Amino acid sequence: MTQSDREIRQAGVRRTIWRSVAALVGMFAFAFALVPLYDVFCRVTGINGAVDTTAQSIVHEEVDESRMVTVQFITRNGSGLPWRMEVETRQVRMHPGQTTEVHFTFSNQSGGESWGRAVPGVSPATATRHVRKVSCFCFEEQKLQAGERLELPLVFQLARDLPPEVNTVTLVYTLYPVEGKSEPLQTAGAQNKEGEEA
Amino acid sequence: MAPKVPPQPTLEQSTSAVDAGHGHHHAHEAPPKGIMRWLLTTNHKEIGSMYLIFSLIMFFIGGIFALVVRLELFQPGLQFVNPEFFNQMTTMHGLIMVFAAVMPAFTGLANWMIPLQIGAPDMALPRLNNFSFWLLPVAFGLLLSTLLMPGGGPNFGWTFYAPLSTTYAPPSTTFFILSLHIAGISSILGAINIIATILNMRAPGMRMMDMPLFVWTWLITSFLLIAVMPVLAGVITMMLMDINFGTSFFNAAGGGDPVLFQHLFWFFGHPEVYIMILPAFGIVSAIIPAFARKRLFGYASMVYATAAIAILSFMVWGHHMFVVGMPLAGQLFFMYATMLIAVPTGVKVFNWVATLFRGSISFEPPMLFALAFVVLFTIGGFSGLMLAIAPADFQYHDTYFVVAHFHYVLVPGAVFAIMAGVYYWLPKWTGHYPNVRLAQWHFWLSVIGVNLTFFPMHFSGLAGMPRRIPDYALQFADFNFVSSLGAFLFGFSQLLFVAVIILCVRGGKKAPAQAWGEFADDLEWSVPSPAPLHTFETPPTFQRPAH
Amino acid sequence: MWGVIKSVLAAFLGVQRDQQRREDFERGSPLAFIVTGIVMGVLLVAIIALVAFLAAG
Amino acid sequence: MRTLLVWLAGGLALVGSSQVALARGWNMPVGVTDLSGEIYSLHMIIFWICVVIGVVVFGVMFYSLFRYRHSQGAKAANFHENTTVEIIWTTVPLLILVGMAVPATATLQKIYDPSDAELDVMITGQQWRWRYEYLGEDVAFNSNLATPRAQIRGEEERGEHYLLEVDEPLVLPINRKVRFLFTSDDVLHAWWVPELAVKQDTVPGFVTENWVQINEPGIYRGQCAELCGVDHGFMPVVVHAVEEDEFDAWLVERQEMAAEEAMGVDRDWEMDELMERGEGVYGSICASCHQPEGQGAPPAFPALAGNEELIAGIEWHKDVVINGVSGTAMPAFRTTLNPVELAAVITYTRNAWGNDTGDAVQPAEIAERLAQ
């Protein structure tokens, strides 16, 4: 094999390496790009029941009085937040196109201030896009002082084009502490770090 | 891909910064002695041997973990290990077998055989080759050491679904992530090296469509590796950040989504299973024609089917997630796409059978393993087809039926193909034929052991036994009893494999250059047996086979 | 062009004649095949997705 | 005898016979809903398709292996392609698959229609038990493994329903469409009952749904199907399907029981009563992590026996049990246990295994704290 043959080969090898490295970097970036892409995809299609975290505006459309849909509200507590969360009514019956307001009560039962976040979910997932939330406590993190009580509204419209097979929509809110903002435990906990891994 | 060889030079004046050829020449003038020789070798044959020996050791370590699992499952009740350790064993068995046994074994075969099959003196990047091998012992030494750490090793299954592997994971998970990163880098570097070798180092006159199928399948596998290993790296980096830096990629409490983990993991994971089977297709496609004394039926369609499988493998990941609650359209899309992938896979099986048809067949050890591969891999393919039917998958999902399916594809599939390849190329590596009688015993005990182990798992799965449980209800007892017996039979018969290899290295019937007759006629059979340390330093002129 | 499409289609199905394959590879630039392959790959995904969405109603 | 059968079946199945696989206990159950029956027939159709293809392919293969043996002097032919044959063996499978996709799609469409349900049940996975809430009915309870640990360790004879029995089964009416909502408190779980053909992952922070309409009364057993930690193998599902009027009566009974329990909150409880109740709650809820003797399994699950923090801080102790600890396996029990159970289990853990604080926590005190 002559010297020039070898150089031709080396040039080819080098080109292959650069292309491979470019592909690698691209794919690594792609993996991270998938996180926001998945998020956007889910919000557009509503496939995982995750809802928009920003307020939408009411669309003025005729109320479809021929259909009656049950909307259920479920509140759940994640671990680590000494709050009670309650909803004034467990379910409402409404027509597609209608707008409704429901009140949720939050109370901090501990001796210190803490931050919480209510993570929303919708079932069935196909209904997600058709629940337009105008105002929701779930859009932002909440702060409660020791013993404080807070009543917050959820205002939403059920879109008229709700798929016909859906006649029950369930809205679920799971309350989680905001990491780093809440004191995890208020009393004896501070003395012994071990216990926090309980 | 450029069909023309050699590629046109783009830079007339190349510097010798990465001039592998030169380093190579210096290396073999005065090879270092003892351990340093193996630490520093840049010879593709020596590195290939190291990969193969490493993967064989790991095969036994992963096998011991599997036997711990099967021992506990031998009877109902908890007898030998506690559930926590049981979970570590299932996890480690999966991780070691996938990343430390099967993948390095194929890389080892690639290192040994690709330069020989394309008439190249060595891999394109010999020093990188040495580095990517030595990353592996580091990675898996680290992974195995997690078993001794407080809180134990990884216990969340080889699929490490979040949040079990993040918020709820043992403290050693950070080391698990690190070791997977190192193993991933090793695979990526190996893949780059193989692509660079195949695209640039072929003998003058050998076009892409003249390459042996083992080379073709490895080329496509390397592209898959480059496409998906960075995604795996991304996923485990996100896990690392969730665990140590307070991010919430997969943590619902912080606004993340645990299901996103599964999408990302299986976007890597599904092509990964093809990474473990495509090179097997290449090996079997070399062995069957050799012992049927007839050219491979449909070479071109084999290449195209491999490419089609590789492309389709990127759009079927969702079939691993049929029960997470995907929308109907998503279920249907993944179901249709998955069913479609059966077509090119079927084409391959049909081609092998058509090669056998009207051949002149003999049953040497490599052929025995290759034939068992065709039958048993196809059985694994059938259960795969059943799993593709989304409504039926609601019943199969996460049961022993799935365990049976992927073990049929990977053990008598990938592992048997590796063994077939070892028996096929041992004469080239050692200059001796393997002991036929011992090899036959190894084959028959393995075939019986594999089927006793995995066939009853179809029944226990259909009857309702979930996977990854350390104890089970009484109606599954008989199936598990048989599976455990089979597993021990299979496990211990692998000692015969080691015996055959050692005996073959030390002596045996002398093999000529073209050890398996005129239909095993790829370029590796044109060099003497055993292959000298340096081959094709002057490139051969490639001539297309006459028949 | 039709020839290229036919070859790529054959590749998708995994069916190809040796003769045709030889002709394909003597045609020179592989670019046409790669581009056609990618386009048809995207098309395939689109068709499956379309059928899935139609069936899902 | 059955073992012998398995051996035989393994062998027979290898040569292509599948008759044995159809015997009861070897195959997927037909189940007790319309959809489970449809899924069963899809399973059998695709199974027989595979068998037929297998017989043809392996038939040709083994015929070739036998007929064209080199040792019998077979001379190899010299063909290596045939476009017609290749097109046939590509299109025929394609058509079979299309034929298979049609009924599969139809079944899937039915599964995805949860409309017109008469009863909603929320199913929550928690390490390692299930919680069932009958939405709008004020009935909710936890369902734990009932098999004694002694059976698992082999110290006692194993019962007929070993590992598939629970303290409180899910009771459902037949002939009514029941909608399930699934979620999880911690990691992924999967709720699965083969006879109902329902398997659904439970995902923390998200809700998924599925439904059943059971045709026959009976007891149906299943298990968690998604690896969820140490006791993944020990969280069974048991469903009691009963006649509709029986179900209505059961529901009323449960509501009355809950009311009675609520009354117990107001009275003063004796230490002995609390300890006895607390031991029961501890055994079914806490012992799987903190271990039966309170010794824990560090680092994941801290010991309770001799835990100085626990002994020193009664308020902290209540807080941990009621609200849980974020980022760990310790859930909030504020809604999953009632005030009596909470008070009892706190009292128990403060006085058992030599903790001996002498504290008796009254249910009324807990109830007040929860109602703030």
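As written, the chains take the letters A, B, C and D, and residue 1 is the first residue of each chain.
Going forward, a contact is a pair of C-beta atoms (placed from the backbone, for glycine too) under 8 Å apart; a residue touches a chain by one contact, two chains touch by 3 or more.
The structure presented is a predicted model; accordingly, all values stated were derived computationally and were not measured.
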| item | value |
| --- | --- |
| Distance between chain centroids, defined by C-alpha means - subunit C, subunit D (Å) | 45 |
| Length of the line joining the C-alpha centres of subunit A and subunit B, rounded to whole Å | 39 |
| Distance between the centres, which are taken as Cα means, of subunit D and subunit A, whole angstrom | 26 |
| Inter-chain centre distance, subunit B versus subunit D - centres from mean C-alpha coordinates, in Å | 33 |
| Contacts with 2+ other chains: residues of subunit D | 80-81, 86, 90, 105, 109, 112, 204-206, 208-209, 299-300, 326-328 |
| Multi-chain contact sites of subunit B, meaning residues that touch two or more partners | 252-253, 257, 259, 298-301, 325, 327-328, 330, 332, 336, 340, 343, 347 |
| Residues within subunit C bordering two or more other chains | 13-15, 17-18, 55-57 |
| Graph class of chain-chain contacts, one of line, ring, star, complete, other | other |
| All pairs of touching chains, each written as two labels joined by a dash | A-B, A-D, B-C, B-D, C-D |
| Subunit C-facing residues of subunit D, complex | 80-81, 83, 86-87, 90, 105, 109, 112 |
| Residues of subunit B touching subunit A in the complex | 6-7, 9-11, 14, 16, 18-21, 124-125, 188, 191-192, 195-196, 199-201, 226-231, 233-235, 238, 246, 249, 252-255, 257, 259-260, 263-264, 267, 325-328, 330, 537-539 |
| Complex contact set, residues of subunit D against subunit B | 2-3, 5-7, 9-10, 13-14, 21, 25-29, 35, 38-39, 42-43, 46-47, 49-50, 53-54, 57-58, 60-61, 64-65, 68-71, 74-82, 85-86, 89-90, 93-94, 97, 100-101, 104-105, 107-109, 111-112, 151-154, 158, 160-164, 182, 186-188, 190, 192, 194, 197-201, 203-206, 208-209, 221-234, 297, 299-300, 326-329 |
| Interface residues, subunit B side, partner subunit D - complex | 76-79, 83-84, 87, 150-151, 155-157, 161, 163-164, 167-168, 170-171, 252-253, 257-259, 292-301, 323-325, 328, 331-332, 335-336, 339-340, 342-343, 346-347, 349-350, 353-362, 371, 374-375, 378-379, 382-383, 385-386, 389-392, 394-395, 397-399, 451-452, 455-456, 458-459, 462-464, 466-475, 478-479, 481-482, 547 |
| Complex contacts: residues of subunit B adjacent to subunit C | 1-3, 207-209, 298-302, 304-305, 307-308, 311, 315, 327-330, 332-333, 336-337, 340, 343-344, 347-348 |
